[in-house]
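One chain, chain A, appears in both complexes that follow, with chain B as partner in the first and chain C in the second.
Entry: the complex of A and B
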């Protein structure tokens, strides 16, 4: 299973690196979100605020790519007629699908680099990372947590022919609920408890605190804890929806 | 008469094929939920930045929603033919090319308009924003001009399907650029001068400007010249799009590249 996971991760990363859509998209969208934030917030807000906005843009891209990837990967398998074969393989489905999510979240690191470089080169925002070690651990925690959250979404996507479209619609609700670039003070109070359940909230907080030299470890701990919880939820979910899809014989419908 | 049939029946069939529709969930998720939450996100971002009022972002993003539907719809209605390898058969048919491809623009324009209205209304309702009903007629006129212009740009991008398979990449990139350069989410005076100049030549900019002016109390007569500019942008893109279709069809036939997938 470990070998299947590792080769899945390798293949998915290679596919991402060879896909013009992903490479260009990952170049454009972080720049779009970061630029809007910089232009709206303006230099009067200070470099720290703008740098934190860059981190928010990077987490936005991580979630966006995971949720789009979840839908796209399943739709592609369906279209190519290989989804049935994957589901029918003796290797557990979670081992075959989780590399897609983790690879896409890890690909978000490229988005993080693009965002920070864009901010530095075009808007003159310096790299304000006080604790590089904690920042690196926070980035890993963020990738894992967002990737495993995508796995839960992917488990439901197995049922739908239009999984990619469903993935698209799930981008902004999570950006809002996780307070990405948005302060929670301006969001409705009922969103706060929801945000605690979402990986991007803790990933963004962990990255921001590590960069600011504050204590990010509780937030990083939440990222890892949520990764385990998400995985524990995703495995039975995946089994349930896989069973349902087999019962309804919808795996071959493209 | 046959061209009219191709225009309407072909356009409708192409529209129905757009999302591999069997049920309305695809439409609801990508053309209702996505633009509504995008609008809400940017309204909150605007509040956080304290740059402009909610109406600024409400109008800007409703127009972006129209672009999403109009531009992607038009692009995909041609690109989808290549994807499903029906493009050679389509081009081998004796049907009038103008009727064939412009027929696909009509549903894109109507769809863009409906999506923008839905996005505007739902986002405003969810955030309890005031809708100035007396201005809606004028805003609708500006929106129609923008939908037309976006379908024109979609025709240009769609024509590239004759040459390449990756047109979604271009449409996706442009939809990101539109969020900024058209002034949908950033006041134009905050953009570099080069982008402000570019903004004059792309769809949405003038339409959004006219709609915001109407919302701020200007009359339809005041903004008609701006709406006219948006319509001219649309006509220009349609003209270029049709020329591109002819050119790329000819070169693709010579190169035998239509079947490549």
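Entry: the complex of A and C
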């Protein structure tokens, strides 16, 4: 199973790197998001606020790549006819789908680097990271939690033929509920419990606190705890939707 | 039992068994007023394949061949009926079956185009749980067999087909499902592939082969079943199916400009058992099965008076003629 996971990770990365469409998106997207964040806030807000905004932009990219990239990847697998082969394989589906999510989320680290570098080079914002070690652990926790949250969504992608469009519909609600686009202070109170259930909320907080030199460990802990919870939810969800897909014959395009 | 790793395996238990299997596809249309339409892809289908046998499932497009294979390979659930593969139930025990069967597509799909043959095989070897100590040797062995390098997106259909076969054989499954493996291949490629299938049969694998090509089934299969509109319309050895039409003669007419009305007239002639029409370049080739032998030629030419007939030949029936008759009857 570990071999299948590792192999899946390698295949997804190779497919990603060999797709001009994906590569252009990956190169441009972090720059666009970072620029929007910096330009919206302006220099009057000070370096720390701008730096925190760039972290938010990086988490936005992470979730965007997971949810859109995974939807696109599964649609492509369906189109290529390989989705049937992986569903019909003896290895559990969770082991074969999770590399897609983790690979996409891991690219979020690259997005984080590009966002911070772009801020530094174009907008002159210094790297305001006080605790590099905690920041690195927070980034890993963030990748894991966002990747496994994507896995729950992916279980429905197995069933529905329009996975990519389903991904789009899940993109912005999570951005808003996680406080990535708008500050929590202006969001309605009933949204708060929902945000606590979402990985990007804790990932963003962990990165922000590690960078500011505050203790990020409870937030990092939440990232890892949520990863386990998401995984435990995703496994039966994948089995359930796989059975539905076999019943409704949606593993194939036509 | 050890050889197949199957439950209850013995020479007397079929390797593959479908009993009274039906499959209905439902599709929903309309955003507000939802309409559900149903297509019955399989109707009460029953057949069995013995261990080590090469069994052919013949039928026209949309007959239910691929649906049958997908149910047997756990990719689809049957609506009703009972299915067993090596003694396991694909509905309740899909994982038991998945490690013991290989599924080979007959089309372009089913491969990672942007990867090389080697990368495809490496990935599927891990997915299909080929033991780590055997993986490299198995891939090398199969790559030597198929002789492929470079990215899959640059491959011809024949090269893809060879890679499909290699992928299906990676985990050395005792049961193989080959879904129209020679479709679209050039004659040389198709012949090589038939030789590979024959070698697999001789090595003791149980094979379920679907095909459109009757000569292929005749050459390879010990037994065949003809499926049409979701029903099995005949089952037996190729010789026994041919025997069904031995008392008929096939009259082949090559002609230009044969109208639909003329074809209807031919169908209505006394002694016509079936009529198949094949368009070849500018001409139409009519294969008429007749219980009246060569005596049908004159009335046949009369019915085709408005067309330009270039040749008429009478010959003994083949398995293809038996198939055409069975499908026409259904």
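Convention: the second predicted complex is superposed on the first by the 252 of 254 C-alpha atoms of A that agree within 3 Å, B and C clash if a C-alpha of one lies under 4 Å from a C-alpha of the other, contacts with A are read in each partner's own complex, and residues count from 1 in each chain.
What we mean here is this: a contact is a pair of C-beta atoms (placed from the backbone, for glycine too) under 8 Å apart; a residue touches a chain by one contact, two chains touch by 3 or more.
Everything numeric in this text was worked out from a predicted model, so none of it was measured.
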item	value
Chain B versus chain C as contact partner of A:8, first or second or both or neither	second
Contacts of A:81 with chain B and chain C, given as first, second, both or neither	second
Which superposed partner A:176 touches (first chain B, second chain C, both, neither)	first
Which superposed partner A:21 touches (first chain B, second chain C, both, neither)	first
Chain A positions touched by chain B in one structure and by chain C in the second	none
Residue ranges of chain A in contact with chain B within the complex	20-21, 24-25, 28-29, 32, 35-37, 39-42, 160-162, 165-166, 168-169, 171-173, 175-176, 181-183, 186-187, 254
In the complex, chain C residues that touch chain A	25-26, 70, 73-77, 95, 98-99, 103, 105, 107, 109-115, 119, 122-124, 126-129, 132, 167
Sites on chain A touched by chain C in the complex	3-4, 6-8, 10-11, 14-15, 18-19, 79-82, 84-91, 96, 243, 246-249, 251
Chain A contact footprint on chain B (complex, rising order)	19-20, 22, 25-26, 28-30, 33-34, 37-38, 40-42, 44-49, 51, 166, 168-169, 172-173, 176-177, 179-180, 185-186, 190-191
